[in-house]
Amino acid sequence: MESRNIQLAVGVFVILGILALSFLGLRAANSNAATQGETYKLYAKFDNIGGLKERSPVKVGGVVVGRVSAISLTGDYYEPLVEMTISAQYAEFSETTSVSILTSGLLGEQYIGLNPGFIDDTVVMLEDGDYIYDTKSALVLEDLIGQFLFSQGSD
Amino acid sequence: MLNAIAKLGKATLDTIAGAGAALLMLGKALIGVPQLRKSWPLLLQQIYAVGVLSLVIIVVSGLFIGMVLGLQGYTILVDFGAEQSLGPMVALSLLRELGPVVTALLFAGRAGSALTAEIGLMKATEQLSSLEMMAVDPLRRVVAPRFWAGFYSMPILAVIFSAVGIYGGYIVGVQWLGVDDGAFWSVMQANVDLYDDILNGIIKSVVFAFVVTWIALYKGYSCVPTSVGISRATTSTVVTASLAVLGLDFVLTALMFG
Amino acid sequence: MIAEPLVEIENVHFAHGFGAHQVYEGLSLQIPKGKITAIMGPSGIGKTTLLRLIGGQLKPQQGTIKFTGQNIPTLSRSELYRVRKQMSMLFQSGALFTDMSVYDNVAFPLREHSQLTEELIETIVLLKLEAVGLRGARHMMPAELSGGMMRRAALARAIALDPELIMYDEPFAGQDPISMGVIVKLIKALNESLGLTSMIVTHDVEEVLSIADYAYIIAERKVVAQGTPAELQHSDEPLVQQFLNGQADGPVPFHFKGKSLAQDLFGETDA
């Protein structure tokens, strides 16, 4: 009788733990829909990636479609290469798609913005492992100031 | 001067010997084929004593800490017009740090000290010797189920602590101070990661569970079997376990998020 | 010695810690099978240590301790556990498990070491409790028992597995005259009815000599006298007489070893 109560109490305890965990997993965390299940990889070279990090989001019009999965340097001139893992749900990007590194808000984190290109019979769709060539690098504050001063001086 | 150096040497030797004895105790307790039929009820009973009975203190402190985080976070964030970040602030503080750490500290104080005192008293009243003379290994019979119970219970308690804490932050932030309901959860979801934050928090908690339970059991098992000895061992459990948790927390945080 | 020995201790040397405190030097004694043997001696000469040596909880630095022909200090852990099922020890405090009822305490060794059904265990437990007169107290918790009852419950637990040897650690200490009488009677009765070998470590001379078949007196780290109770009582050795009659000073000095009072008071150092 007593041991039955103990079993019951421990059972309730474990159920509470599972409930709390699922609350945390489902309610508090992003369930990572963008990079779970089927994914494919796209690559892009930039001149400067600014403050981009691994796991930074990849967004189309503000909607998260994937995440940055690796950042490395490539080629003879050490160009930054960004590997993006995109959800297979969004597999229809054309080769005219462009990527840019953007900043959310004035002080926010940097993320990658994908601009889907036009689609007609002459363009090919991007597939797993393809490179996106139309890239815009991150804005670096010092460069901006330099440009501003330069344009002032030339007036 | 020489005396001081000799004292330091003795203290070092004692510490090393203690660590070795603690390792030996744990090894002897855990290695070997467990007899499921006999050890299952023992384990359940200990999870009840160590885990279920700690539930109230964990839920109450989780709720209050979450509410305080909500209140403090709001007053700071509202100055920057960033009160919508209250959700992730509360959630991340709890999941990464406060959940595992405060749970481990409370666990050391409530369950750890009880384990030390219980085993110390069993030693003082010759119950451990008596088990041994009955050809029952006290390490397997007494120490092992308590160890596993602590090891399983603490991560569950930490998860419950974090969940209740987030709810506490929600009550204060949203219901009381008027942060937007939708923004609270959605900004939290955008910033809390299942693996980086929740899983790492649970890993921390598992490490703390191992260390705190181990310290508590060893202090009880090795105590001087007198009333003074047991009271010293109990104090020492709480102090050593708390320091170990805080020190390890720094190391783990540096490894995980550094 | 008449009967064949169950326990033989030969030339045992034992010291606690790292030789800091020598307990035994060349201790030898034998416990005859089926008899009650008393081990007596002044407090603090390590009588409990002797029991722990036989139980294999401590290992001597030198010498052999044989139980049914097997040398305890050389046994492996599993062999030692097997041998321990044939012996049991009644601790001074009783050492009942405080979180179990009297019934469960007595049933504990049976549940651990036998594959008996719960009905059979119940029969055995009730028989053992009957033997110590506590059948009516089976649902009580150890905290509710008096000191004498605790010791009797512990005795029921000690005989649960029908051991060969039962070792009593100070069974009479701190008992009122009635429960002392009960325990004396119990030890004697159990020894006869169950064919046990009993070994009683005590300093309560009068009680133990009334039931013992043979007795040893330990002092100064070894056996100083032995014999049947009658032989000891007629011994003319001063130490035996001092011990049996409880004189304060004699071969065992009243004063703990140390400097003389004059030296302590007047600071005459010998260095």
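Per-chain numbering from 1; labels A, B and C assigned in written order.
We take it that a residue touches a chain if its C-beta (ideal position, glycine included) is under 8 Å from a C-beta of that chain, and two chains touch if they have at least 3 such contacts.
Just so it is clear, the model here is predicted, and its values are computed rather than measured.
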Chain whose averaged C-alpha position falls nearest the assembly-wide average: B
Top chain pair, ranked by number of contacting C-beta pairs: A-B
Interchain centroid distance [CA atoms averaged], chain A/chain B, Å: 36
Distance between chain centroids, defined by C-alpha means - chain A, chain C (Å): 76
Chain B-chain C separation of Cα centroids, rounded to whole Å: 42
Interface residues, chain A side, partner chain B - complex: 3, 6-7, 9-10, 12-14, 16-17, 19-21, 23-25, 27-32, 55
Footprint of chain C on chain B - complex, ascending: 38, 121-122, 125-127, 129-130, 132-137
Contact set on chain C toward chain B in their complex: 52, 55, 57, 81-82, 84-85, 87-89, 91-93, 95-98, 108-109, 112-113
Complex contacts: residues of chain B adjacent to chain A: 41, 44-45, 47-48, 51-52, 55, 91, 95, 153, 155-157, 159-160, 162-164, 166, 185, 188-190, 192-198
